[in-house]
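Only one structure is covered here, and it is reproduced in the block below.
Chain IDs A, B and C follow the sequence of writing; residue 1 opens each chain.
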Amino acid sequence: MSEINNRAWFLVLPVLVIVAFNAIIPMMTMVNYSVQDIFGPDNRYFVGLEWYKELLGDVELRNALRRQVTFSSLVLLIQVPLGILIALTLPQKGKSVAFCLIILGLPLLMPWNVVGVMWQIFARADIGLGGAAIAALGIDFNYSRDVLDAWFTIVVMDVWHWTSLIVLLAYSGLRAIDPAFYRAAQIDGASRWQVFRFVELPKLAGVLTIGIMLRLMDSLMIYSELVVLTGGGPGSSTSFLSQTLVKKAIGQFDLGPAASFSIIYFMIIVTLCFVFFRSITRAQEGE
Amino acid sequence: MADVTVNPKADATPPDSIALKQEGSAMLRARANRKPLVKMAILTLFFVFLLAPIYWLVVMSFKTDTEIVTKFTLWPQEFTLANYKTIFTTHSWWSSYINSALYVTLNTIISLAVALPAAYAFSRYRFLGDKHLFFWLLTNRMTPPAVFVLPYFQFYSAFGLIDTHIAVAIAHCVFNVPLAVWILEGFLKGVPKSIDETAYIDGYSFPRFFTTILVPLIRSGIGVTAFFCFMFSWVELILARTLTTSDAKPIVAVMTRVYSGAGIEWGLIAAAGVLTLVPGILVIWFVRNHIARGFAMGRV
Amino acid sequence: MTEIQMKNLRHSYYPNPKTEDDYALKSVDLTWEEGLAYALLGPSGSGKTTMLNILSGLLTASEGQVLFDGRDVTRLDARDRNIAQVFQFPVIYETMTVGENLAFPLKTRKVPAAQIKDRVGFIAEELGLTALLGRKARGLSAEQKQRISLGRGLVREDVAAILLDEPLTVIDPAEKMALRRTLKSVQLHLGVKLIYVTHDQHEAMTLADRVVVMDDGEVVQVGSPEELFENPAHKFVGYFIGTPGMNFVDCALDGSDLVVGNARFALNGAVQTLAGTSKPLSFGIRPDFLSLSEARPGRTIPGTVTRVENHGDEQIIAVDVGGAQMLARVEDHVRARAGENVHLNPDPQAMRVFAGQRVVDLPRNTFGDLT
């Protein structure tokens, strides 16, 4: 259906320029730094892959990676089904649609550090509505002292923050399904679950891929909210990749290791996303 | 007697209003057995969950700091507008909102302007390396700002762009442009290729075709894309903070200064936080129909 | 198989219809007989889709009843009335194989697996889908997908009727014929009642045993394709069916003669019937039943040729017969040029008179002897 046309590159050129300006050149700088030991502008040595070797054996980094994977899987497992469920319950038309869109948009439009600040107070048992509600159930809730409470808080916060994104995408997918598909399923005697499984879910595959990928990327990069809310604590129990690496980089006062951390971090994200992307597209093709 | 030669085969008119009404009711009927009460309950619960923290933020913004940290009160005991007054009368506060709005707008415009032709290319042509290019674009969406601030700072310093709006606007392109290409490509795929061909046969040049035919056709898609660009640029903190020092300092960065200080002024932060929601609400309000329609096209 | 009856059916999309115009469907009384292929023919907005949705149970008619073998199903849902439907564009379960698609309506009805297998195999054979049974439905052509849609209706042995809503719209012209043939043969083999909605007269005429012609919310005529062609009961049927459609020319009574343009036809005793109506009269004849001849007073209509269209082995000649135009379909060897004076010779058997929109029932020999 599409013709081979290499002039299309001209149309892609502006994107290339602007992204290269932002991504390639800084990335090259990082790669350059990462193979050196830098004491000052005129005092640097080539160290090869030394920093990488050191980092890959780093226990703290490995623990952070483990926590990161746990966190990302957890929020995805909650947000995706919850988002689809909410999208199914949204009204199809009428004045209430715009109203619902605005409410859904609110968490998405809040700057990430504001989200952290808000939840920092909201989840406190003494002065926050959410924390007080849990405390009222007779639970001794304190996210800055108890690891489980801290995890609970950040997961709930992330669900609050990002479920709307999945809802909006899934809603758009559902709206695009022609009524004839529902009619056919009804005529065939399909149950509600079968309608979901065989009509709605296959049609949602495309938008859900975008949604899941965005959520995966952003959850792997989560930083601002957590710095404010838990600061990675208690201990380093909620310290994920971003924070661990920033802490290390600042602690080192050396551009070399900091740069190699960044490269490794980037590679981890790209690898995870790539694996995920491939498995989603494979699953769709193989269905 | 002209009707003698009416040719019924030519009767291929699009569905008239009656047919449209029927489709609407088809959807209603097919979904009628979905227990509306349960649906309402789920939706209400979720909205309560979404609104509760925001409610708390709004209430906090009208409280004094003493009340916030010492008492648990569901609404302000000593109602005060002092927090808002501080923001509206302090130059560094209110100008930071303008700074944010400026670079976010700039970013949205740049992102759309460069993403549209690229999305068109991806949707219409196959060219050398297109698949790789697409995934490479996506990887840029994955660049974690937290660990890339240093090269960014150095790089933008080298061009003398530090503390300018355009710097932040361009830096935010790193995650918004790939997203914009991704979303727009979906919308453009929904535009039949025959429209392009007809336009070329009618003698349209590519730029004229693009701006007068294609763009209006997918304006809902552009609305949705603009919404996402606005959103991700508005909420980003790290790059915006790194690339600005005073003249272009955005609201998100000014806020971090407040809470990293000794005594945290919660009320002030809450008020500032509430105000960060206002532009977003305005944007959604103005593009709500586009968004609803764009979402209805199901190409997001 | 089931006989479907519609009694005094009316439908309006407005909650409180006031005038007749508020009704999308105006008073329909119709019986769909067993085992026949029906076509529901009419232009967009004529009420076909409303009728279809009432049949399938998607809509509940505002007034009147729908009976399946005498059982009142007016208020029953689609799933409770054994109706299957094929839509304008292919509606299939993309993630399933062709076989799973065909088996789905039986599975949901808890039919034993062995029975499903037999039935699916049988129907797949009928539809020429056997080789595709194990394939994913997603990658197939529109034509194959429409076969699957049809198959999902056919697998159900209890199905009362299969409604086809312009199912050839998105099919490649080259494949349309094949699918049409399959429809016809399936209908003959399985004796299932097909109700085929279309605005294309050729589709309707080639597929159906009975054509139900609709216009402006009303059923204007039900009949076999030949009947509709030869004896249109309504002006609309006259010009909607046949290419070009029927000629209509205003006419008037003068004594015992009928005046058509510059010609007079003697009415053999039918004057009374025509004089009784107050509605405007018009004279109707299909282009196929007009020929050119010498002037024969009382038999021919004089006129001037305005246009000649050559269609290969035949030509369409437009003739001005005094303020009105008539088309004649004649063989290609007939010589006629624009501006030439000619005489149109209508076949006495095919001449019709309409009062208002409806045909006037005249004796066979009104315009001439039967010989």
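Observations
To be clear about the criterion, a contact is a pair of C-beta atoms (placed from the backbone, for glycine too) under 8 Å apart; a residue touches a chain by one contact, two chains touch by 3 or more.
Predicted, not measured: the structure shown is a model, and the values here were computed from it.
With centres computed as the average of Cα coordinates, no chain lies farther from chain B than C. Comparing chain C-alpha centroids with the centroid of the full set of protein C-alpha atoms picks out B as the closest. The two chains most heavily joined by C-beta contacts are A-B. Between the CA-based centres of chain B and chain C the separation comes to 51 Å, rounded to the whole angstrom.
Averaged C-alpha coordinates put the centre of chain A at 17 Å from the centre of chain B. Centre-to-centre, using mean CA coordinates, chain A is 58 Å away from chain C.
Shown for chain B are the residues that touch two or more other chains, namely 26.
Along chain C, residues 58 each make contact with two or more other chains.
For chain A, residues that reach two or more other chains under the stated contact definition are 180, 183, 186. Residue ranges on chain A touching chain C, taken from their complex, read 178, 180-181, 183-184, 186-191, 194, 198-199, 202, 287. Of all residues in chain A, only 1-9, 11-12, 14-15, 17-19, 21-23, 25-27, 29-30, 82, 85-86, 88-90, 92-93, 97-98, 100-114, 117-119, 121-122, 126-130, 132, 160, 163-164, 168-169, 171-173, 175-177, 179-180, 182-183, 185-186, 192, 206-207, 210, 213-214, 217, 220-221, 223-224, 228, 241-243, 245-246, 249, 255, 258-259, 261-262, 265-266, 269-270, 273-274, 277 touch chain B in the complex they form.
For chain C in complex with chain A, the residues that touch the partner chain are 56, 58, 77-79, 83-85, 87-89, 91, 93-96, 104-105, 108-109, 136, 138, 149, 152-153. Residues 23-24, 26-28, 30-31, 33-34, 39-40, 42-43, 46-47, 49-57, 60, 68-72, 74, 110, 113-115, 117-118, 120-122, 124-128, 130, 133, 135, 137-148, 150-152, 154-155, 170-171, 173-174, 177-179, 181-183, 186, 193, 224, 231, 234-238, 251-252, 255-256, 259, 266, 269-270, 272-273, 276-277, 279-281, 283-285, 288-289, 291-292, 294-300 of chain B are the ones that touch chain A when the two sit in their complex.
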